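To start, the structure under review is shown below, and the notes come after it.
Order of writing sets the chain letters: A, B, C and D. Residues in each chain are counted from 1.
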């Protein structure tokens, strides 16, 4: 179907290792130039993606550490983890509560701003978006690098806040610039708490988030321009791989929503430093208006987190089922629909805030409409598996987890979109469980699936399948343990952000804490498999999965210019052109005759 | 698309760019683009997307503006009188003119007329400077009258700390303007009019426009307000004095007409003096807001008046910041790039992009001007 | 024990929801159950289909892949429209349920809820104030919520009601209680036992669900549902609660009831605020140097305007009690503080003049 | 791979561009000076008009009129000074979309804040009252 309009250079054949004289000698983007400077000032999107990967995974480790700490604190109804022996005295209790409040705030803020928003677009998007387009780079490579440094700078603010918090707890008042250390406002920075609290570094943290916003904007801007301007010949909008559709939709949200976060945080900083009172009722401001501002960004931001994950699911399901994705157009359009509708539902975070009944009803209704495209996608993935030739590989196993978690997360979202039940569930553990299923369950597992899917391409190495699968399974079990029980705790009325809780919730919390530790163990195994694979992994073939998007048409890892010869656009989900040879050589391209035969055998036209 | 062909004949650029790159990529063509057109289109698309983020960012402030104005139109209608319409008007002209010279500079850059480009960008810079000069005067006037943002007023040399002020001019500052019409008895109890003899009244009576005075009483008639017990005079009537500067004539007697159906206390005074009393109280409240007792001072009308100035300063401040950035980029291009003569029909992207940015700054001002200065 | 009760609760027809103690709880639970079963069916269908497909079409020796269509508009429309219809049904039930929750009967009994970091005051129409909510059974009750400092949120799981308490405005919610809680046997704290004498152990939980700072998780209260006649009796007595005890004892009562307890200790321990132990009659160091004698005036000022003379080592986090405390209550607290200090005058034995008992302070 | 492209590839590129939703133009579009000046003159006139309109009492329509004039001015700036009239339609779409989303944001926020203003005002009145009581003590 997608034979290119004018004939040009023949499709580049995958680079078989035997023909190129063996692994190490080959020049690729990793070993093309050496030295720290060649990385620091690189404009190569793949290197930027790798640098993002290092940074973002460190942030994930930090956020995960806080998660473990706060789950430990919740083991007992009364906080005892920090209070220790003197637990029970007011001072110990206050310390424990403050510690818990800082832990959950930093867990949330680090995970949201530093990990989950950049995770898929900045790492995997940067890595494969231009290659999937057959382009040499993103449209604005230097802006891309700038975006990374914005991320670093923003991250440094959080590290500063954090280290100030630690230092100040040992030497109170040692660092007085921009208020004391630590952050205890919740990642939402709700006014007037954030503008009146005196024991947290709100300004530093919000300024960090403000800078991170620029990072996000620049990535989105780059992706939009790249998808528009650098598509290869023969690739119309509907030959775009679905991951790129998802990234494109994500970029639209990043562009349109993030500036509102920027202005919100600027206003917050102005309130804090200049005594402006737009959001502070004590100065005549309006606290609910802040929530409108905040959620106008932060609800669409939820889709910045989840949409790329859905794109990865579409890719992986299709490739590893060896079958063209079912209902391509519905999936592509549903990404855009989610992006658009995602802007119209922010009010469902405010059903109990005193928002007017009419606004509540309108937002609730639109919330249900935004669920429809998600449902369509899920059904389409299942239909893609139908009559496939399914290879249960590591990425595929992770994707199955993702689909399961996304389904639970999505369905429980219905309880929260529904007005009367949301009143009960709002701000309870039900919400905590719901968004962890969507954010952490779906996005994290899809991200891991994506890494395992593109790992051979990124590094040219294969990983240990057994340990990778085991790590995923342990993390999955841990995840279910940690969060499923929170639905029940939430429906019982367990409020979120509680350091102490009534005793009858103890059982739920202990199960949850066990789950958190289990998941942590699984994640450590996963990270170890990556490190081991980088050091001792076997050389990966150019196309280990038989995918047909353009990144599989180049060597693993790709050269700096991505392709040795200019690629031609291919129908991204037509797998008839590849045949499996061996684990070492992976999939190689069939001759036109073989391909025709394969199509005949499948019996349907693509 | 006929326009495109028109332009080709119109301005002898023709396919120059095309010819240029067919054989060899021009020096400014990045490695990952194939043609200069593709690069220019990408750059423009990127710029437009960036401009969209700018619009959304200002959109937040416009939203804050709309919500506050929607809820308290009378406060805005009154408070804007502290702004000088003429200044706003002159600034609009400055920006439109500089926008025009910028568009013209893009044209000359496209035609490769380096010297004209240089001069036109210089004129654009001058326009920006003019804008900044006027803004400086405006901000200075606000500063002089303590109409600044939040706590910044405390840094004013004349600022009287509320605690001190409380001793000095303790009595006399109850009552002020409020749009909350509901509690008449409060109006009666704390009818501010009895304090209308403070020194501010002289100034106000002398200079306030009739309309302004009417507005105040119009507001007061609908409710009144009481200050905290220690409500000090603070900075006397500072927010009130500002419209005085803007206003031309005193016709405080008009206040009566507006206040006629108001509560008798206020109506009875019917003089600017009475209004000055309110104004005074406001000043006191205003100062008070920044004192240690911030927490216990309940929401008051003066705070809503303050909202206008907060929003005014945030909007114009952010806008002015954008003007400054734009001027910086224009100056850099003008002095470092344009003289090299590198811009011509084949390559004028930077000029085009900075032009787009400058026009957006103009565009935002086009909305700010009527919304801030021309409120009814 | 927890495991068993938990499993029993989940297994009961209530699907893990708390007991239904308000008129609209059953309706919400019905919507919940409808959504729950719809979701369960959808989830099972998706998972079964997925696992079955993976099993049936897995790659294995001898398996030959057959072609299958890459799209089917009718099928996709089918699974777009069916969920949409189900979603709209859920929306409809949620919406009607919400309308019930948002429509308060005209004759509702009105209770003012004043909140601050980190305590609740429930103010009844006759002026009675309590830190726990007591409501008449089978009577619509409208809660009018206001906050002195930051956003809180009032949540009573058994009533399925929740509303944020936003400073600078009034929010309200209402409910009609239809049942009281069973008497607690588990998890009864020492505080509970003290309160037990007054009100009993048959209460529902009330939580603050909007994060509000250090002691957010302790910002809880108890909700008692009482027969209207019993309620009437209680509320009448509560209006004059101070008059029924000596001033110092009243102060001790207020120490808990007004939430002073959250920050100030009486045993010399540290807290968010200075301890009351040995405060009265001693010089107190101030932030920014200097000191002040902790006498009646200083304490009164610190209650009404906490930031005025800030005790060294503490930040200005206390909200003013202005408007939430009467002069008699301040007196009672001062008398109580006198009992905690070894300096200064002896506390009053009784209210000086019957005419000036707190009853007079009640409007 | 070198960055020079073969003539083949270039042609090809131009060929495939036809189905793109943005149109490439083959050289800069230069706006004639007369057109620029005309737009400038119109903008100045409209600025006078918008100031002049404030001296006419139209009630609520003053705001609408001022905004209408501002929109016309903005449209002129976008179409001519910013070349949108000749530019890729997608750039125009970006602009329109950004305004649409601002409108959406403001619209919802206004719809809500209008509805809850009475609660805010009531609270303000109560605070004034309690303040008055405090002052009376």
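FYI, a residue touches a chain if its C-beta (ideal position, glycine included) is under 8 Å from a C-beta of that chain, and two chains touch if they have at least 3 such contacts.
Given the structure is predicted, the values throughout are model-derived calculations rather than measurements.
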(request) Report back the single chain whose CA centre is most distant from the CA centre of chain A. (result) B
(message) Can you identify the chain nearest the overall CA centroid, using each chain's own CA centroid?
(response) A
(message) If I count C-beta pairs in contact for every pair of chains, which pair wins?
(response) A-C
(message) For chain A versus chain C, what separation do you get between their C-alpha means, in angstrom?
(response) 35
(request) Let me have the rounded angstrom distance from the C-alpha centre of chain A over to the C-alpha centre of chain D, please. (result) 32
(message) Can you work out the whole-Å distance between the CA centroids of chain B and chain C?
(response) 43
(request) Would you kindly tell me how far, in whole Å, the mean C-alpha position of chain D lies from that of chain B? (result) 17
(request) Return the residues of chain C touching two or more other chains; collapse runs of consecutive numbers into ranges. (result) 149, 168-169, 171, 304, 316, 322
(request) Name the residues of chain A that each touch 2 or more other chains. (result) 136, 196, 228-229, 256, 260, 281-282, 284-286, 288-289, 292, 354, 357, 561
(message) Which positions in chain D are in touch with at least two other chains?
(response) 9, 13, 22, 90, 97-98, 101, 105, 109, 113-114, 116, 119-120, 122-124, 130, 134, 137
(request) Mind listing the chain A positions that touch chain C in their complex? (result) 89-91, 94, 97-98, 101, 184-186, 190, 192-193, 196-199, 281-282, 284-288, 321-330, 352-354, 357, 360-361, 364-365, 368-369, 371-372, 375-376, 378-380, 382-383, 385-392, 400, 403-404, 407-408, 411-412, 414-415, 417-424, 426-428, 487-488, 491-493, 495-504, 506-508, 573, 601-604, 606
(message) Considering only the defined contacts, which chain D positions touch chain A in the complex?
(response) 1, 8-9, 11-13, 15-16, 19-22, 90, 97-98, 101, 104-105, 108-109, 111-116, 119-120
(request) Using the touch rule from the top, collect the residues of chain A that touch chain D in their complex. (result) 5-6, 8, 136, 228-229, 231-234, 236-237, 256, 260, 286, 288-289, 292, 296, 343-344, 346-347, 354-359, 559, 561, 563-566
(request) Flag every residue of chain C that touches chain D in the complex, lowest number first. (result) 146, 168-171, 304, 322-323, 327
(message) So in the complex, the part of chain B that touches chain A is made up of which residues?
(response) 30-33, 38, 41-42, 45-46, 49-50, 52-61, 63-64, 67-68, 149-152, 289-290, 294-295, 297, 299-300, 303-304, 306-307, 310-311, 314, 318
